[in-house]
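Chain lettering (A, B, C and D) follows the sequence in which the chains are written, and residue indices restart at 1 in each chain.
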Amino acid sequence: MTRQLLDTVGVADATPDEKQPYAELGLADDEYARIRDILGRRPTQAELAMYSIMWSEHCSYKSSKVHLRQFGQKNPKTPRLLAGIGENAGVVAIDEHLAVTFKVESHNHPSFVEPKQGAATGVGGIIRDIIAMGARPIAVMDSLRFGELSHPDTARVLPGVVEGVGHYGNCVGLPNIGGETLFDPCYQGNPLVNALSVGVLPRERLQSMQASGVGNVVILLGAKTGRDGIGGVSVLASATFTEDDDSDSRPSVQVGDPFTEKLLIEACLELFDAGLVVGIQDLGGAGLTCALSETAAAGDGGMHVALERVPLRAEGMEPHDILASESQERMLAIVAPANVEQVLARARRWGLLATAIGEVTDTGRLVVDYHGQTVVDVPPASLADEGPVYHRPLSEPNDLALIAVDRAETLPRPATDEEIRRTVLDMAASPNLCDKSWITEQYDSSVFGNTVLGTPHDAGVVRLDERTGVGIAISLDGNGRYARLDPYTGAQLALAEAYRNVAVTGATPIAVTDCLNFGSPEDPHVMWQFERAVTGIADGCQKLGIPVTGGNVSFYNQTGREAIHPTPVIGVLGVIDDVSRRIPLGFGQTGDTIAMIGTTGEELSGSEWAWATHRHLGGVPPKVDFDHEMKLADLLSRLAGTEQLAAAHDLSEGGLAQALVEAICHSEMGANILLPEGADPFTYLFSESTGRVLIVIPRGQELAVRGACEQRGLPITPLGVVDASTDGLHLRDHFDIGRAELEGAWKGRIAAHLGE
Amino acid sequence: MSARIGIVTFPGSLDDRDAARAVRLGGAEPVALWHDDAVLKSVDAVFLPGGFSYGDYLRCGAIARFSEVMGVVREAASRGMPVLGVCNGFQVLCESHLLPGALVRNAHLRYRNRPARMRVESVDTAWTNEYAPGAEVVFPAKHGEGRYVADEATLDRLEANGQVVFRYLDNPNGAMRDIAGIANEAGNVVGLMPHPEHAVEALTGPSTDGLGIVASVLAARPASRTFDQPV
Amino acid sequence: MARVVVDVMLKSEILDPQGEAVLGALPRLGVNDVKSVRIGKRVEIEFDDEGVESEHSDDAAAKALEQSQIIADQLLANPVIENFTVSVLDEDAA
Amino acid sequence: MARVVVDVMLKSEILDPQGEAVLGALPRLGVNDVKSVRIGKRVEIEFDDEGVESEHSDDAAAKALEQSQIIADQLLANPVIENFTVSVLDEDAA
């Protein structure tokens, strides 16, 4: 393998007409022209690689930027927000001392190619965003979508993804406190793996990604750099290698090492606490390229890097390989010269590699040398902040009007009591509603000893401070079917559900993160869906008075020309002053009253019933009422504070029937239910009207609870009583289902489908 | 002065803070011990917590065995100091030959997290003397490699000597003879897979049965005895 | 009785955290001159000879090898990150 | 550059659920004449030759083998459940 001359800045100057594979790297003609313009010459290979990565959709948000601006414009002003959109993750104040940072991110495509490692590195990546804010990661969540549960490829992808999420989280020692798992044929060739992490920090430990302070040293922490994930820029290889090199050796798959990540967490926190770092940034997608250009652009504007100092895992790596590598478990720290020795020593104590690779300058240029020859010399902001911005065309999908009139409310319904009874069982056994413990049992949920509520609760609740009892609640929700019918309302429904799930635990929602999974932005229909969804979320958050603090956009989720359902996944964070007052899922004690807050309308379009029993998707999704949601949240946090509820459970997919099934199976108690006069049992059980919560009121509190509802104008309907002696669901005047039969339907489905 | 219980942090230990909380809630003083320091800081007992030491690569606990601290732990254990290993800590004790047998991949091949019901089979150990004989306890069990194996002769010996300390009531991993935890012959070294330190608060655990572990080692503490390396 | 061994190793460019961890532990054993450790799987497959008994043992071996190739390719190795080799074990080595 | 392979297999009396799982999956691949599958580890150790360079390569191999024996015995295999074999890899097979 003989190497040709290094493509230095000098060489680039001297050979202006050299043909460059910019199109193969995904750069448009005008983008390439702009790069030449910025540099006043042709880019070197390393520079070309850097621009191609930083100006990609994934890093530059070039298609989504113009729409995401709405979040900033509509976000309510709140003193809680300590860091917002644009940072590695949003940070919100919890009390005088503590702040919390959280974010959700996608790792969809890698998880299809290599389910276990793809999912694992997705978890690893989001954890490093949390560390970069100065926080200790304290929990993870995962939102998963697969094709049909019965499809053979799901048997490959699902166990791998779950193993990856579990392995990485378990091994770094983070409890998994919730998530969702849904199945739909639209995700067959394009599963979704969205991972959320949350961390806690003393407010004064908040870190920045600024490379400031001329003369400060740039230190690379963590794993060695290999060829991981450089598939994209490998077209440059043929230009530099005379002898062809095995293309197999340029894997796009990255393998995670949670052990090194754990060491990174501990070492970084020690460095923060000792006040040894000026700036910190994780290396995620786009690796060093992104970390160097973002820290330099955010800081004093200049940086000099000696690339040959980067510890390598593979032989024969070229400068552009090193810059583009997405090797996992690495962070970049900016450190004052006087502290360098200490930083290196502390890293060594944790068994972590740490290497000084450059320093901050005031040149306004990011200069990268390789063995003394300059291969990169660019203004860092041109990479990090000044990428292309597109105003892509939008157009409403042609079929939407037709779909809207194809309402599920007109579908044939179960008529007799026996048919309704059968439907309850069939729905409980359906892939989207069945018990997910085959998945969640592969996740540690109790490490740290602070998990107050985990799966199968509506939201995860974690204690932050043992002395004060203050804690947080988080829920992650999305519904691609609703969003397919109406992306604006669908996104708002996801927001409303996550908000309500948090409220149901007694916590007060305070902030939002989102992961927007869509098809190709080059498709005007997809772009329209995207714009509607973003607007829906921004409008919803404005009404709810809680800001979007960060998130992630994942485009190109499609198989051929077939895009997935637009799938905005929303994470809502809430705060609860005293976690011992949280409201659990379940039934309390015999004699407690079961009631429902909210109104049940005939809303079946997009419902789980329409899908599970008719494979039908049409009509318009349920209505959202944010005023109502806010009143509901206020009520629940009040009732939690006064300990006037024994239990609560959000009504969502599958409606009241499913909420009862879950409460019965979880509490191992029975429910005697009497539907209100004149209520149609089918509609009452299966409608998916939103804003509804099943509550359990301890004896003696009924009047007080009713009063609190009336005071807020919230309709409350008594439904029955808890009965520990009769076990199962008893619907007076209609039917009985014993608990054994319910559990037989609900449990063990996933294992059975996977052949275990 | 309250008893001092050392808690070892290996690279990859995860439950060290949780073990410290359990020790505190149980009325003793937690003392942090570092894997790379051959010092026991005058502790009265040592707790090897769960986690994935060295990533649990190769075999769980295999690499941790070679740490500096394990040299002094082994020495102190031979002089009677109480040593507890939970989950990864149990694996480290087996790999270090402080306890017989080995912990291998769960029979069902998956990591599984489920509360484990167990019977306390022996109360003649430094870590279980405060439990009622035959008491039922519930601790979270969460591991991928927790199936206890040993040859028949060893198993028979363990049974005969009362060295089987905890036995599963619903075996979660295929462990031989439903063994969840064992002791050495002297009863000062105990290892178990399920996590007592995650069963110390009603708010966060499936029970508070784990507090009995700390209570036991407090009760077992000889009046004035130090297990530090002789100088 | 044909016995086949399938060795499955991570591709050389793929990170092997297991191997790295072992490498890092070797100095504790007093071993300092190891450059790299890679850890993979060794799968021993033992074939049944019924039905092949009467044929030549060479044929049995060839068939076992061919079948093992399929098993390795479809089940034992993940082609995205792993390579494998298949070899017949000597009768007497068994 | 000496390369050594250490094969670590579970003792035959220890249940190998992973091997069993593979065995159980074989009929789905159309393979029905496998009697048993055992899954173990293959560890490839590559030694540094600095300092040994000048010596005979045979010596280097012998030393590598000896060291690998120690590594396998102390670290790579757990004698309670596993057996191991150590062998030098051919230079050219590398």
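Quick note on the criterion: contacts are C-beta pairs under 8 Å (C-beta built on N, C-alpha and C of every residue); 3 or more make two chains touch, one makes a residue touch a chain.
Source: prediction; values computed, not measured.
Ranking A-C and A-B by contacting C-beta pairs places A-B first. The mean-CA centres of chain A and chain C are about 39 angstrom from one another, to the nearest whole unit. If you average the Cα atoms of chain A and of chain B, the two centres end up 36 Å apart. Remark: chain C and chain D have CA centroids separated by 9 Å (rounded to whole angstrom).
Shown for chain A are the residues that touch two or more other chains, namely 257, 259-260, 351. The residues of chain D that reach two or more other chains are 75-76, listed in rising order. Residue positions of chain B touching 2 or more other chains: 54-55, 57-58, 63, 66.
Pairwise chain contacts present here: A-B, A-C, B-C, B-D, C-D [touch as defined]. On the side of chain B, the complex with chain D involves touching residues 58-59, 62-63, 66, 94-95, 100-102, 104-109, 149-151, 174.
Chain C makes touch with chain A in their complex at residues 10-17, 20-21, 24, 78, 80-81. Within the complex formed with chain C, the chain D residues making contact are 1, 7-9, 19, 22, 25-26, 29, 31, 33-48, 50-52, 67, 70-71, 74-76. Interface residues of chain B, counted against chain C in their complex, comprise 54-55, 57-58, 63, 66-67. The residues of chain B lying in touch with chain A in their complex are 11-12, 14-15, 17-18, 21-22, 36, 50-52, 54-57, 110-114, 140, 142, 195, 197-198, 200-201, 203-205.
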